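Just below is one structure, and these are the notes that go with it.
We just call them A, B, C and D in the order they show up, numbering each chain from 1.
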Amino acid sequence: MPLRLNARHLARTLAATAAITGLVATAACGSRAGEETAAAESCVDTSGDTVKVGALNSLSGTMAISETTVRDAITLAVDEINAAGGVQGKEIEIVAEDGASEPTVFAEKAEKLIREDCVAAVFGGWTSASRKAMLPVFEDNDSLLYYPVQYEGLEASENIFYTGATTNQQIIPALDYLAETGVKSIYLVGSDYVFPRTANAIINAYAEAHGIEVLGEDYVTLGSTEFSTIVNQVKAADADAVFNTLNGDSNVAFFREYANVGLTAEEMPVMSVSIAEEEVGGIGVENIEGQLAAWNYYQTVDSPANTAFVEAFKAAYGADRVTSDPMEAAYNSVYLWAATVEKAGSFAVADVQAAADGVSFDSPEGTVVIDGENHHVTKTARIGRIDADGLLYTVWESDGPIDPDPFLDGYDWAADLAVTE
Amino acid sequence: MSAALSCKQIEVAFDGFKAVAGVDLELDRGEVHFLIGPNGAGKTTLVDAITGLAKYTGSVVKDGEELRGKKVHHIARKGIGRTFQTATVFENLTVAQNLDIAAGAGRSPWTLLRRRKHLPQHVTDTMERIGLKDKADTPAGILAHGQKQWLEIGMLLVGDADVLLLDEPIAGMGHEERETTGLLLHDIAADRAVAVVEHDMDFMRAFAHRVTVLHAGAVLAAGTVDEVSDDPRVQEVYLGTAKENADAATA
Amino acid sequence: MKFFQSRLGTWTGFAAAALVLFGLAPLLLSGFRLGLLAQFLCYAIVAVGIGLAWGRGGMLTLGQGVFFGMGAYLMAMHLKMADAEFRNGPGAVPDFMELAGIRELPAYWAPFSSPVFTIAMILLLPTAFAVLLGLAVFKRRVKGAYFAILSQALAGAFAILLIGQQSLGGFNGLSRFRYFFGYNLDDPVNQQMLYFIAAGILLVVLAVALQLRRSRYGELLVAVRDAEERVRFLGYDAANVKVVAYAVAALFASVAGAVFVPIVGIISPASIGIVPSIMFLLGVAIGGRATLLGPVIGALAVAWAQTALSEQFPSAWTYAQGLLFVLVIALLPGGIASVAAVTKRFQRKPVEAAA
Amino acid sequence: MDLLVGQLFTGLSTGSILLLAALGLSLTFGQMGVVNMAHGEFIMAGCYTAYVVQQAVGDAGVSLLIALPAGFLVGGAMGLVLEALLLRRLYHRPLDTLLVTFGVGLILQQAARDVFGAPAVNVSVPEFLRGGVDLLGVTVPKTRLFIMALAVVSVAAVALVLRFTPAGRRIRAVVGNRDLAETAGISSRTVDAATFFIGSGLAGVAGVALTLIGSTSPTTGQSYLVDAFLVVVAGGLGRIKGAVVAAVALGAMQAVFETYSTASLAKVGVFIVIVVFLQLRPQGLFTLRTRSLA
């Protein structure tokens, strides 16, 4: 019989398969748009002596550069809390996963942590893409994500706590500082993805309202190291300052090229929002000394809480390691979660959400308080100057913690940008 | 009798070097026409030119139609088939599949997308003719060397080529196989034009109806075996080459 | 082996596969694992196409991410449109555009509110693109490593192009889909439905590939792979033969991408660039490129290993992954599917040597 | 005028970076048919060689001079090992070399991450290469001039080695006709190893040079790889001359596209140009003529 198969047979196979699929699919149909879906059952088990939390950071791929340090900070915080008796008397157990620098992997691993490992909360994520990928997973499964990185704002989810800065706690203070120091024109350079684009939209609106001229706006592909053209254009534009939203490796090439064509921090300072202590080493202090950065935390912040944090971190990971803003925010996020759980007296998501408002933590950057409305935290803005020792030193600080305003509702000039959910 | 294929003033140049420099050639049906000449005489290049592989100036006309500038597969469809110095067959396919593909250049997409229910009659016949009937389901890759050459010739036959250009069809064959191949060539030349590029003089003497001798890209002599053998220039070229070869061997 | 070539054998094979996919898997796997399997099945669908183009046709397509991405983005556009319309009425702007400051719906988005148009585009656009590109490349006899590198550059360029398109979500891509043709995506029952759809499509795709392999075209494709010039000298336009397989592979990848989107819930340039495209290929190489089921097995095995290894060894799994590729491809060129053949050959070595 | 000169220079500079990255590939891919996806990781190894040497030596200028030959040796040694352990078995399966070396690249990348840490490290630019030189009204960074010079020197060195040394003649003989070379008594095995050593060594040199302008991290090499392959494809099989022309042309195109549109679109534009170009010259700019069918 081997030579008998033909098109008719194919048609039959196809029809049969289609029929099976159709049958099973219709029989299995669930709720339609507009109907309520049965809420997912949480499987978090708090009956034992331990409680599981997830740590989801990229340990491989391009983002591993930044995210491995965040993982270290999370681990440190968990160890400290455990040493102090745990949360609700239970020891915290970390379930570690690799996000592999890919949004789909973040989504997959987040779902695994929630549904298979039954973790009470997940700490991690870095890129906006990873957060956007995880958001529906946490909402659909009604679980909690603590996201530790400054980001572009314009988001608020019941299921995410944002412990990094939103735009009004980082970018707007940076612009305020530049305006205060007499900057009348700026040049925008950024990597081509959502954070720089959103940040630059805000900067343009701000500039228009405050009489600052934007002389140029350039984007390079992520990871690009080709800056001849852009740096030449920057030099030709002769702005008072450059606002830099480049990401990762691109900064190295940018600052080297910048110094090479003879531009200096004195005549045209660069304000960066993605360069922290970790990155300075890779760029080379000699290329970036004197330039500015905008964050909420530096290793040099003078507070007892920070002294303890830096000491503990160096003890755990080596004296040559530095601490940075995202690490601190990640460290804070674990403490904030623990404090919220203690306040709620429960690990249940609904209880944690209900208790979150007003929960505070005396963090290395100062006291941070959760805003129950938008799930962000209050943060003190700091402008730092990069010094010869590779560390950043505060040159300007906001008057106390700034309330988070992710949709920039409190800024008239941002009315065109602000979108409410 | 009109020529099945007529080539006029064929010239092929590589980087200024003329591999073929103005060759005229006529192939007639019913004839086995040998192309001989020393290495580098331009025999294979001439075949490449006719079949559209090498760019040339001049003219190749088959059945009143100019072939110059046509694509390889268009020329093949005009009924010009060729083989290669090393037999090129589809090694992972069976003999039957090889021949079936060769027979099907004109098949409609619909036919192609269906399974073959049975082999076309002329494929079966050709398999018989080239002596591979009992190998129908054998992968071509494990055929003996000579059998591959026959298969390749068979592929041209089922493809209805009436001008066959065979590049060293008996290379690597034993005595008996050569004999069989020679008879096969005569058999298929009954209603086709067959051109054979060969080095083997004995084989040429035994089976050539007509011979063209190429030297340095040009026709040195043409005619019957005897006419060509008696030509002093041919003798010189071949003796000279023989002498060079001998020198090279001792060097 | 003969059994599986017979009609009964084929039916049995498909019935067994259907039983496993539709019966056993949903019974044994948790909702999460079933969702993962659904995702892997999408990779398997891509793999079947690569098996055809590369394994049978010899075209090393390092750029299947392009077609996968096209299908995925086209589907994602429809889902975002449907989502916006459900919440804010016809002509509404999808949520991510609002965030990006795009107030007006771009004209090219509008037709994607129609499911029929979307599905037609998913089927036609990547296929047409593959035909055009294939004709451009194969007619000029660009092949082998040249074609591989060209298709890889295409994947890189495509990803970069998408990153620059704010109206397609830029670097973040498109995510947060709530409804799939009117069904809630957060309902576990509907997630299972998606799994069944993926499984059904895989079977259909396998059936199509099987028919292509067994047809005269399938033999011709192998002939082109092994001796393209010979085929040309037999009067075929070899480029057309290749284009068909390339386009079918593109179509499969596009369909896989379209199903992938509602299952995984996000599509971004990171899923379709150079590295993901190589990953598609590695599954096929490891499973056995020239066989029908090898690519499916390979794609599932690689995806599964990636998940399992990264769960067990989150920071060291890359080593295992790299080693797997090196060893399997260097030592077992026929892939997992050739294990049986290799053992058999080992047993009858004398015969083989004689041949 | 300034912009024009600037763009011209940028094109040359980008081109010479591409050329440095592609030169080794042109040997291994072009002449041997091996598609080495780990070439990017060899470049990365060169970057880290520069880093390690600088840590040991201290002075940036001296260490650069040591690192260039050291990078060549490190890259070359890695190439030799790869060739001996894996590629030697795969010469008849060129497309499989692509997949195998991709796996090797994954491993090397993770190894770099474990040895040197995931964050980028800094390799200081020597004092004498800092700053720029004014040329026709444009400030030209000295590092880029250095890289251009290095590219010229590397190309010249490769050309001289291939043309005038016995080893080079053997390499060209094997590339031209492997079987004939073997019958002439040339061990193609030794020649393959030598070719791979030189090709991979050039990747190491490129890596050392690239630390002058870019970052040094485990993923550094990847960003150069695809462009480098395109240079080799556009330049033509096994042709150094082709690689040079293609690299400069690609660099110039990138610079021009970038001026008139965005950097992202520039990449896409370059790709389209290459596909169109291959329509006209399917074998690249320059081709070796052989009589074989394949």
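The working rule: a residue touches a chain if its C-beta (ideal position, glycine included) is under 8 Å from a C-beta of that chain, and two chains touch if they have at least 3 such contacts.
Values in this document were obtained by computation on a predicted structure and should not be read as measured data.
Counting steps between touching chains, the shortest path from subunit A to subunit D takes 1. Among the other chains, the CA centroid farthest from that of subunit D is the one of B.
Chain centres here are Cα means. That of subunit C falls 32 Å from that of subunit D.
Here the spacing of subunit B and subunit D, counted between their Cα centres, is 45 Å. Subunit B has its Cα centroid 71 Å from the Cα centroid of subunit A. Within subunit B, contacts with two or more other chains are made by residues 84, 88, 113-116. Counting partner chains per residue, subunit D has residues 110, 262, 264, 267, 293 touching two or more of them.
Within subunit A, the positions touching two or more other chains are listed as 4-5, 7, 60, 192, 219, 221. Within the complex formed with subunit C, the subunit B residues making contact are 51, 71-73, 76-77, 81-82, 84, 88-93, 97-98, 100-102, 104-107, 111-116, 142, 155, 159.
Across the complex, subunit D is touched by residues 60-62, 64-66, 68-69, 192, 218-221, 223-226, 228-229, 232, 235-236, 248-249, 251-253, 256-257, 259-262, 278-279, 281-287 of subunit A.
Residue ranges of subunit C in contact with subunit D, taken from their complex: 60, 62, 133, 136-137, 140-142, 144-146, 148-150, 152-154, 156-157, 160-161, 163-164, 229, 274, 278, 281-282, 285, 316, 318-319, 321-326, 329-330, 333. Only residues 2-3, 6-7, 9-10, 13-14, 110, 113, 118-125, 130-132, 138-139, 141-144, 210, 212-220, 223, 254-255, 258-259, 262-264, 267 of subunit D touch subunit A when the two sit together in their complex.
Note for the complex: subunit C touches subunit B at residues 211-212, 214-217, 219-220, 222-223, 226-227, 229-238, 355.
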